[in-house]
Amino acid sequence: MKVGVLGATGYAGQELVRLLHRHEEVKDLYLGSSSVAGEDYESVYPHWLDQKVGILQDENIPDLDVLFCALPHGLTAKKTSAFLARKIKVIDLGADFRLNSAEVYEEWYKIKHPASELLKDAVYGLPELYREQIRGRSLIANPGCYPTATLLALVPLLRKKLLQTGYLIIDAKSGVSGAGRGVSLGNHYAEVNENFKAYGVASHRHTPEIEQELSRAAGQLLNVNFTPHLVPMTRGMLVTIYAKVGEGIQEEELRRCWLEQYEQEEFIHVLPQGTWPQTKFSSGSNHAFLQLTLDQRTGNAVIIATIDNLIKGAAGQAIQNMNLAMGWPEGQGLQGTALWP
Amino acid sequence: MKVGVLGATGYAGQELVRLLHRHEEVKDLYLGSSSVAGEDYESVYPHWLDQKVGILQDENIPDLDVLFCALPHGLTAKKTSAFLARKIKVIDLGADFRLNSAEVYEEWYKIKHPASELLKDAVYGLPELYREQIRGRSLIANPGCYPTATLLALVPLLRKKLLQTGYLIIDAKSGVSGAGRGVSLGNHYAEVNENFKAYGVASHRHTPEIEQELSRAAGQLLNVNFTPHLVPMTRGMLVTIYAKVGEGIQEEELRRCWLEQYEQEEFIHVLPQGTWPQTKFSSGSNHAFLQLTLDQRTGNAVIIATIDNLIKGAAGQAIQNMNLAMGWPEGQGLQGTALWP
Amino acid sequence: MKVGVLGATGYAGQELVRLLHRHEEVKDLYLGSSSVAGEDYESVYPHWLDQKVGILQDENIPDLDVLFCALPHGLTAKKTSAFLARKIKVIDLGADFRLNSAEVYEEWYKIKHPASELLKDAVYGLPELYREQIRGRSLIANPGCYPTATLLALVPLLRKKLLQTGYLIIDAKSGVSGAGRGVSLGNHYAEVNENFKAYGVASHRHTPEIEQELSRAAGQLLNVNFTPHLVPMTRGMLVTIYAKVGEGIQEEELRRCWLEQYEQEEFIHVLPQGTWPQTKFSSGSNHAFLQLTLDQRTGNAVIIATIDNLIKGAAGQAIQNMNLAMGWPEGQGLQGTALWP
Amino acid sequence: MKVGVLGATGYAGQELVRLLHRHEEVKDLYLGSSSVAGEDYESVYPHWLDQKVGILQDENIPDLDVLFCALPHGLTAKKTSAFLARKIKVIDLGADFRLNSAEVYEEWYKIKHPASELLKDAVYGLPELYREQIRGRSLIANPGCYPTATLLALVPLLRKKLLQTGYLIIDAKSGVSGAGRGVSLGNHYAEVNENFKAYGVASHRHTPEIEQELSRAAGQLLNVNFTPHLVPMTRGMLVTIYAKVGEGIQEEELRRCWLEQYEQEEFIHVLPQGTWPQTKFSSGSNHAFLQLTLDQRTGNAVIIATIDNLIKGAAGQAIQNMNLAMGWPEGQGLQGTALWP
């Protein structure tokens, strides 16, 4: 099995390398990087010293079974049809194939979609919600980190019509690694540390992705308020969601819906009542944790989900998708609980 | 002018000492501490070395002009009438006099109110909203930190009927110092660092305080969803609020309402459009920063306010209240912008 | 293979559980905890939900092949001879068997050694330096975290007489998790965050352990200055060492000595010249990284080593020792590079 | 009194603005910035909103009484003689006038000194050590942050010949703000947080500055080992120093020497025996804290000093120098203890 990673020096790319390096089926690893091609991987990441991961390469992508694309949006889609023609399965960690509609993509990403003809072939790769559609596929759109946490919490409840859809408030918080390895004043240590702020208010590009999948679950078009915040920590993501429950619905029915959906899942955990998720429960692992309560005074459910933004929110989920696409056990290469403390 | 602080070794108490020490009208400072009475202040806080702040004392409270009570709830109220009888003005940083109703207090704090007969004499000390009622008063309930940030944002808008009240979602985030100096596993460094979590979901004691004051502003009883979260940082507080705007109300009217309310205020700042509050804007200062937008897709306003939880959210606001009670310039002893970075 | 952990809810204990849980030879895991016996492991650590680790137990230790003792000093030694009599191999992560001399133990730990008759049977379990002595042994003293980092750097150089011993300055820095899970004001988040300090100056209990092993390497008694500092981070340890090089010794000889010692080692890495260790290189892994330079202006070598204090500095090294004691591949269950970022 | 700041948007520049804004003698403030000239100060630093600090300006420096230059090395010296000719007192927070020797400057800074003829007119502005030489002066070299902490600790002891000079080990630790506001991967949040590393090993440019001043105190040329480290925190600096005490010297004599030097000082504090400095003791203030012990086992003194790198290590000390140059009370505008927690 030969597997490649485009964008292997970014944070999601590096996490892919770490996970693929210990994956039993992966024998050969191609590392792509346009910016530092020709260098040893360990010259970029010295903690890989002596691990013989290989040399970063550009352009001439060899014959591969699977290629992970961890590139900024707009770059992957241009090359995808060529990869597919070569029978390389493509798992895109970027945004190019997540939205079904090229128009919506163009509205939010402000560029023309580079390969809209492929959208119909892509599958939205959230295994716990769309497992059967993902199996054996060749073009998989790996979900965004915020959508992953949000959809795991809401989709089962919306499918079962347990929530009203008049307002859905998604107040999200992420560690700084989600912004990637590119330097900017906004991610400068002294500006982020001991600081907390919202960003992308009412304009973040994960909004249409969340709305697309929630609408699909609810069977009707709906809109959400989605507000991401930057937490002074490196890893971790937590979303706090507020929604009106359906007439007469009790907390127990919400909880039961989750348990039914997730009781067989290796990576999704409904916490015991009263134990609220902490981002550290997921840190360094592919596990997600859920909790909710129904506030009787307002009739709103308060729903919280947490994941590691770089693993279940990116590289780990991409490995799950590879495993499904190739027909291997879904959790292969992803075992292990969080690093604590 | 002789001023005292009960609970002078807690974080809010220490912040009071810092601010009072540089206050021009305060000549004499009484430091109360039941736990370490008899020790020099600098033996508890070595950074006060050589500043000659004084010795911590218990019990025999001398004749004072003003006494700040920074004690856990239930402890201050018992002693208050004796202080008032001695003509000592009392500014309570605890919760005992914030709620108008002893019943509501007992429901949320799970103890009988120790001095319900004094509730009618207490004023809720949020100067920018209730300035005239505070002037010259003898018993002032200093607001909680979460209520301060929330009320500064919402009260003007509710007074002008610019928001609907069907749902008010208050998603709040605080640094760890808000939990005080008492040690616990939940505030142990290794458990909090690189971690983010909600706490007190649908049960935090600042909820009835927020509801009381918002109901007063709206002229009708209302309920809120209030969810506090713990941010891995020491200082700072930010609240993200979601509310449906009134029929036909535009963003500009919301903004104009704030500007009219706050344009003369020394400590409250409406940021220019597009600049969102960061907790560090307030850190180490008494300043609050506000921003909002109207999400046209949902009709919800997204409203954000930030303060330093220990200053505008506790000790700084208490000094404002002292200044008003004594007839001094309201901002005395509180000048200065945030410490950056 | 049945393995036990005493002190399974402490940080080192929990890290042992994490590593043992994925260790191929370990089929059955006994979890000991005197404080919360009877509880599910996941009630203490919710991120273990659904992992079926087991119930915490007290007292009646079953028949085991290996028992890890992650208890405060003084507690393990009392019970050790009974374990050994039952043919249970003991790996002690505490301090009771690290010092060869009961007198030195009593001087630094201020208690009488509970089992000084066993000291002669114990081996100091630093595999890269004492591998052959560890193989097959039944009583292994797992080194302290600071000694591990220090000895990996200095022992090869001292054995080869490349350093003078007139002064050896060890300036050490550790993340807060090294202090364990017990709460105290000194490890309270708001007191540690955005703060840096020395502690245990000229009195830390790892000093005699370091001196014992350095003296053994140098073939002469020597003393060191050892000053630990607390870094506002959870994991990681870095030591900066200053020593006069031998007459005429060049940097290249120091480096060559290290390379000869460590070139076959799976976990010890001499970084390329000019790349200095960062604690994050080791974080979450069993790997150690080394670098040095010879400051020509002073004749002192500046030597830096970094490890993860909870893995190579505790639980990971203990697993190496188990593997050696049992005759398994030494790195089993310890694969994987650092979690980055 | 009219005062200017060149480099007013850097971190040291912004701290100067904060301190000057509350300084009673400063009526008019000129803000220089080549990069964002023409913008309001609050557009760069929104927390200055409504404070009316002014507009950033380039080039045409008006008539000023004092000009602070907070620019990278090499830029200030070129313009200095023109400023001096206009009777503007210059306080340089850069490195151009700290070293007495243009040759040493050129060796370490790798550029030709732009104004070596002015070196003889410059005074090294460390008030507690050279107060009388600073009074009334027109060209003051504000010391580096590491030298400030180091010299406060060592100069008195060396002047009194209480230390031997065979080896002086200075192991220094700084918060990230010392690296300034310029973005780089090395100061990217996700790379620095939960990480600790040395940098500039045996090559940092503060080395010759430290050696110059220590040699002057000792009355003989001497060399030091100086190793700076980066701590995952924003503010604060701590140096740990190891030196052999003179024959027969006891700890008490070292302490007495410090107390004699500093007992009248407003900003320098010798902590009570056994209380070790923490960077947070100084954070947000101009205060420095000192402690030492004599390790009888090695004959080495362990000496620790802490300051806020941006205040006593930069802007605060520069204000002290302005006060001395202008004949005002030395501590004016600098009152206040650390912000805690």
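The first chain written gets the first letter, and so on, giving A, B, C and D; residue counts start at 1 in each chain.
FYI, a contact is a pair of C-beta atoms (placed from the backbone, for glycine too) under 8 Å apart; a residue touches a chain by one contact, two chains touch by 3 or more.
Going by UniProt, the chains are A, B, C, D = N-acetyl-gamma-glutamyl-phosphate reductase.
Small disclaimer: the values here were computed from a predicted structure and weren't measured.
Novice: If you average the CA coordinates per chain, which chain's centre is most distant from that of subunit D?
Specialist: In terms of C-alpha centroids, the chain at the greatest distance from subunit D is A.
Novice: Between B-C and A-C, name the chain pair that shares the greater number of C-beta pairs in contact.
Specialist: Answer by contact count: A-C.
Novice: Using mean CA coordinates as chain centres, what's the subunit A-subunit B distance in Å?
Specialist: Their C-alpha centroids are separated by 38 Å.
Novice: At what distance in angstrom does the C-alpha mean of subunit C lie from that of subunit B?
Specialist: Their C-alpha centroids are separated by 46 Å.
Novice: Between subunit A and subunit C, tell me the centre distance in angstrom, where each centre is the average of that chain's C-alpha atoms.
Specialist: A distance of 36 Å separates the two centres.
Novice: Counting only residues that touch at least 2 other chains, which ones in subunit A make the list?
Specialist: 11, 175, 177, 181, 190, 193-194, 232-235, 280, 341
Novice: Which of the residues in subunit C come into contact with subunit A in the complex?
Specialist: Touch list, subunit C to subunit A: 11, 14-15, 18, 21-22, 45-51, 177, 193-194, 234-235, 269, 271-272, 275, 280-282, 284-285, 287, 289, 335-341.
Novice: Would you tell me which residues of subunit A are touching subunit D in their complex?
Specialist: 11, 175-177, 179, 181, 183-185, 187-190, 192-194, 232-234
Novice: Residue numbers of subunit A touching subunit B in their complex, please.
Specialist: Of all residues in subunit A, those touching subunit B are 167, 169, 171, 173, 175, 190-191, 193-199, 201-202, 223-225, 227, 229, 231-236, 238, 240, 242, 244, 276-280, 283, 293, 295, 297-298, 300, 302, 304, 341.
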